[in-house]
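Supplied in structure tokens, the structure appears directly below.
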Amino acid sequence: MEAFSDGVFAVAITLLALDLVVDGPGHGPLWSQIAHHWPAFAAYGVSFFTIGIIWVNHHALFDLMTRVDRPMLYLNLLLLSFVVAIPFVTSTLASYLRVPGASGTTAGLLYAGVMEAMSVSFTLIFVHALRADLLTVAPPAEQRRSAVLRFGLGSVAYLGVMALSFVSPVATLVSAAVLAGYYVFQRTPDVPGDGPGI
Amino acid sequence: MEAFSDGVFAVAITLLALDLVVDGPGHGPLWSQIAHHWPAFAAYGVSFFTIGIIWVNHHALFDLMTRVDRPMLYLNLLLLSFVVAIPFVTSTLASYLRVPGASGTTAGLLYAGVMEAMSVSFTLIFVHALRADLLTVAPPAEQRRSAVLRFGLGSVAYLGVMALSFVSPVATLVSAAVLAGYYVFQRTPDVPGDGPGI
Amino acid sequence: MEAFSDGVFAVAITLLALDLVVDGPGHGPLWSQIAHHWPAFAAYGVSFFTIGIIWVNHHALFDLMTRVDRPMLYLNLLLLSFVVAIPFVTSTLASYLRVPGASGTTAGLLYAGVMEAMSVSFTLIFVHALRADLLTVAPPAEQRRSAVLRFGLGSVAYLGVMALSFVSPVATLVSAAVLAGYYVFQRTPDVPGDGPGI
Amino acid sequence: MEAFSDGVFAVAITLLALDLVVDGPGHGPLWSQIAHHWPAFAAYGVSFFTIGIIWVNHHALFDLMTRVDRPMLYLNLLLLSFVVAIPFVTSTLASYLRVPGASGTTAGLLYAGVMEAMSVSFTLIFVHALRADLLTVAPPAEQRRSAVLRFGLGSVAYLGVMALSFVSPVATLVSAAVLAGYYVFQRTPDVPGDGPGI
């Protein structure tokens, strides 16, 4: 299953770059075209590292599983269905990054909403792994509740990113970047749930 | 062979999302654009989980094979040639989902026809695996006929989806979704043929 | 190296399907659109199975290698550089399939030329594997010359496909299909060189 | 981690070929269209082998690692974020290859700048592997400084490619091709740092 998931992550992360474009000769100086398209570059950067971090945590969690049951395969598909949607919501957020008002908010909500759905799916994967006893190293029973809470912290944080979409689409992107940055500098948990996923 | 097949499934499932687009700023409120493009989102969802389920069953069947012969490689290529066509028929079905009449029926037949061809290829893979004795765990000889029949149930079901294309393209998509849903909640067969593939 | 090559084959074979398009609602009955675009479907079919067959033979040859040296890595990159160009030449051949005269011939030469280059690269891989003693099972020294000749038969056959491009682009596609079909029904060689590659 | 990285390299190298296009029937003889689009073909060739060489060296270095820590995962993501941007900068360089003046220089700087960033990331990976003691075969402590210098030679060379962008975008492409060619014919280092990366 890892090979398939790795493939989906790899394709999704690479398709992000399809949104990097310039208009080409005859559309003014190249430098000003790139400057004009800065939202695409900024959104690419944030989404690239967000997908990268999910992959790192996905890999770390599945490496701890001794076996994978059928519900886990479908929970993983659910997670991947949102990962695959990231290039679309990234491109949409980039298009609307300088558009104020309702459409900018919609673009932000779409972006943060897919991240939220991804984060919730990832927490469901962790919860199912605990319940179905799929992990080699699991937190002791009395600490499971708090482990799930810490693991699912990202799901709460992305609700905040969704709320910030009502400020502006730039606020959505910046807060998503800060959140991704937080996870980059998070130390590796030795026991799953000892640190959050995303 | 698994790595190559996993790669094809991963790329095909991710390319599906290339069909998720909005028209961008200057084309009305973003929310109404998304609402207007609902067929693309609905078709993406159904096709994503259909490819996902085929992958799960493909993986489960090939894990039971001790070896793979040359005819099996080509039967697998035949299956993959239809998997790879799914993004195209999905995009076409989405475009014609609100188009009544002959063209809508054609779009539905195209979609269900590729699913049918994929399902038949998968049944051929199972039949060849039995005949060429490639499986570690095979049903006893007297039960093979019924095992093949149960495995090939999807091929019959997709004929029904094809028939429903004459009602409307929405009927095609809904019945394909119901069929995919049925397979999601199907228990894992311990012996291949004990439950259907797709 | 297998994982990377498998990935390139998988992406190239899936990108072929990006060329399957219809014009959409408002461009006449869907069925006649598909009929009009038959060259794209025919070219897709031939190229899909050609890439598939190369992959099967690539896989079979590399499975026989005990180790891979640096020249082999670059010969493999050379092969992959032509594999990756197949979606482009397929799309071009499809566009010119009904165009008579010089441009149709150019499209055919481009298609058959990339196949020829791929076939020559594959023969070079086989020759290098023999010379650098990388194979677990190698034909005895006195039979190497004839083994290389038989392996390199595809390189000669694609010269014939190139020649047929001067007849018409349809002749190119049909002869490439016949050649691919020949390889599908070719029995697996137990010793490399006992049967041709492509 | 190899599977994910291999996937990203494979998709990025294959997406390069999406830039190979002709205008199609009705736009003059096909041969002159291809001749007109030579920058796309030249840029494709150079970028294909550059990504290929990075992959070869990436593979060789990671094969020497006994384990991978979390900083290494993120350094690898940093490297991949530039690899994934290569199709974009390749396409842009091709568009501006015949455009003199500031925009041509910008296109060259963009191309060489992404290569430089990739090269620096790769050197950082090597430095971190030495410092965190992740390699099975490492140069002795007193030779580390010179090993890093030799490994990081590519980072210096790409500064030269950037400087040549002020001459013309063709100078950028030719010097990048020469640099890639140099690495192809470089012998395999037995100990990392014994030969440069890229």
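Chains here go by letter, A, B, C and D, matching the order in which they are written, and residues are numbered from 1 within each.
By definition in this document, a contact is a pair of C-beta atoms (placed from the backbone, for glycine too) under 8 Å apart; a residue touches a chain by one contact, two chains touch by 3 or more.
Because the structure is a prediction, the values reported are computed rather than measured.
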{"item": "Longest centre-to-centre distance from chain A, chain (CA-based)", "value": "C"}
{"item": "Same or different contact residues where chain B meets its copy chain A, judged by the half mark", "value": "different"}
{"item": "When chain A is superposed on chain D by its C-alpha atoms, the rotation angle in degrees, nearest 5", "value": "90"}
{"item": "Where chain A and chain B are represented by their mean Cα positions, the distance between them in whole Å", "value": "27"}
{"item": "Between chain A and chain C, centroid-to-centroid distance (C-alpha), Å", "value": "38"}
{"item": "Residues of chain D whose C-beta touches two or more other chains", "value": "3, 6-7, 10-11, 15"}
{"item": "Complex contact set, residues of chain C against chain D", "value": "1, 3-4, 6-8, 10-12, 15, 69-70, 73-74, 77, 80-81, 84-85, 87-88, 92, 95-96, 99, 102-103, 106-107, 110"}
{"item": "Of all residues in chain B, those that touch chain A in their complex", "value": "2-3, 6-7, 9-11, 13-18, 20-22, 24-25, 29-31, 34, 45, 48-49, 52, 55-56, 59, 184, 187-188"}
